[in-house]
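Order of writing sets the labels: A, B, C, D and E. Residues in every chain begin at 1.
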Amino acid sequence: MSQNVDLVNRDANGLNDHVKVAFDDVIAEPDGAHSLPCVWAGAWLIFTCTKGCCYNVMSIICGFPLALLWGCQFAYITFYHVWCIGPCMRSFMIDCGCYRKYFFTCVQCCLGPICETFGLCFSNIVVRNV
Amino acid sequence: MSQNVDLVNRDANGLNDHVKVAFDDVIAEPDGAHSLPCVWAGAWLIFTCTKGCCYNVMSIICGFPLALLWGCQFAYITFYHVWCIGPCMRSFMIDCGCYRKYFFTCVQCCLGPICETFGLCFSNIVVRNV
Amino acid sequence: MSQNVDLVNRDANGLNDHVKVAFDDVIAEPDGAHSLPCVWAGAWLIFTCTKGCCYNVMSIICGFPLALLWGCQFAYITFYHVWCIGPCMRSFMIDCGCYRKYFFTCVQCCLGPICETFGLCFSNIVVRNV
Amino acid sequence: MSQNVDLVNRDANGLNDHVKVAFDDVIAEPDGAHSLPCVWAGAWLIFTCTKGCCYNVMSIICGFPLALLWGCQFAYITFYHVWCIGPCMRSFMIDCGCYRKYFFTCVQCCLGPICETFGLCFSNIVVRNV
Amino acid sequence: MSQNVDLVNRDANGLNDHVKVAFDDVIAEPDGAHSLPCVWAGAWLIFTCTKGCCYNVMSIICGFPLALLWGCQFAYITFYHVWCIGPCMRSFMIDCGCYRKYFFTCVQCCLGPICETFGLCFSNIVVRNV
């Protein structure tokens, strides 16, 4: 857990790298079709400001409650995995390890000889390189 | 996010590279069929001007409202992905990681011995190079 | 068994490595959509505190009884595996080892000659490198 | 058979290696979700003591009778395998070895020529390295 | 046959290697679950003594008659294989060897050309080492 909030690089683990919403990720004029510079600059301004404002408004309104909600949610998830599912899983793995040993003995006993015998087919390969 | 608008290279990420609409991308005379030079030059002029004018008019009229619209739209998309889908996805990934461990134990337990036993088929390969 | 409790590294064996619940594992803003620093810092604070508090409350309330429960449970599992299943398994493995030897003799006797004869198919491979 | 009891390493042959029941094999807190040190230490203490006590009580009560029971059981198994099954198995293996020789001669006689002839399919492999 | 009885190594040919009945082959306490030393030592003593005593009693009572029985049995088996089955087998193998040579000529004659022709399938293998 990072001890402090990082205000600059806000996606250190690359979770939302696929969310590309800058102006030049969305709108692009190829060579051979350029609009007037003022139109292009104006559209850039409008797009960037609108997006910034809307996003800020939404994050101000909904950011804190959602942070609260997800905090509770993930506290519960962590607790459940650490104190309940973890030990259950371990107990299940011990039983499985035991059953695996038992099952391995059976299969070795029944199929082992047949497989080893079929392996005799390959016990006599002679390759001559001329 | 680029901090300023780039008036020269308007497709830095190559989004619309496939949109080729210059005259020589559209109309071309092969060797053996050349029209009169004045006809060819005139057609070039008419095509280029018409395209430039029409595109400019349309971009002036519709560019600003569309920039506004897409600004709102992408603000909403970003917000939704950052604050809702991201945490949901993480919570889902935690559950999946747990289920993966469980499923791995089961499969190891059931198929492991059989696979290991079938491997005995190849335990007796003797290759003689004469 | 580690003789003392390790208060720093609490997942030495990587049991719950898939449980990633730090703020930057859950919520991330990609480039091109940054909310106000105060909103981001506030959301970080709320998320981290809420999660810490909830988890602490739950672990204080349920941690001790669950530790007691799992202690009894695993004492029973250990006892059962060491003193009952272990010797049973050994006795079963002795019988299986014996039966395997018997079955191997039979299969060698019946299928062995056929497999070895089919192996003659590969006894005359000539490879010419041109 | 080891001549003396080994009080330190009690699983020299790794029979119960899958039975992992130490505290850090069962309960683990990932980074980003640490409970209070006193809670964690308390849970460790409760788990370890409970498991130790329960296991000790059970092993004191049931250990001796079970050791007696398994002693008789394995004495019988050993006797039976050494004095009865062993000689029977040897007698059976002698008969099988004889029958195998007879059957091998038959199969070699009937299928051998066919297989060897099919092996001609691989007698003309030309590999060109380009 | 060893000329003298070997009182130390009593399973020189590994006939009953799968019969593992020492205490540490049967009962094992994994790390993290050790009972009291006196309990463990006591269980070891009870198991080892009980097994030793029971096995000795059984071998004293049944060892001599069984040795007598198996002596007769294997004398008969040896006699039968040496003086009856051996010569029969040799006579049968001589006949089979002759028939095999005859049959091989026939099959070579009928299937040989077909197989050799099918072998042309592999006469054009091109291996490109990039």
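Keep in mind that, in the parts below, a contact is a pair of C-beta atoms (placed from the backbone, for glycine too) under 8 Å apart; a residue touches a chain by one contact, two chains touch by 3 or more.
Computed from a predicted structure; not experimentally measured.
Number of steps on the shortest path from chain A to chain E, with steps defined by chain touch: 2. Residues touching across the chain A-chain D interface largely differ between the two copies, under half of the numbers being common to both.
With centres set at the average Cα position, the gap from chain A to chain C is 19 Å. Each chain gets one centre point, the mean of its Cα atoms, and the points for chain B and chain C are 38 Å apart. Centroid to centroid, with C-alpha atoms defining each point, chain B and chain D lie 53 Å apart. With touch defined as above, residues shared between interfaces to two or more other chains in chain E number as follows: 19, 21, 25-33.
Chain contacts in this assembly follow no simple pattern; the graph is neither a line, a ring, a star nor complete.
Chains touching one another form the pairs A-B, A-C, A-D, B-C, C-D, C-E, D-E. Only residues 18-21, 25-33 of chain D touch chain A when the two sit together in their complex. Put simply, chain A touches chain D in their complex at residues 1, 75, 78, 82-83, 86-87, 90, 93-94, 97-98, 101. Against chain D, the residues of chain E that register as touching in their complex are 15-16, 19, 21-37, 39-55, 58-59, 62-63, 66, 70, 73-74, 77, 81, 85, 89, 92-93, 96-97, 99-100, 103-104, 106-108, 111-112, 115-116, 118-129. Residues 1-2, 5-7, 10-17, 19-22, 25, 51, 55-56, 59-60, 63-64, 66-68, 70-72, 74-79, 81-84, 86-87, 90-91, 94, 98, 101-102, 105-106, 108-110, 112-114, 116-130 of chain B are the ones that touch chain A when the two sit in their complex.
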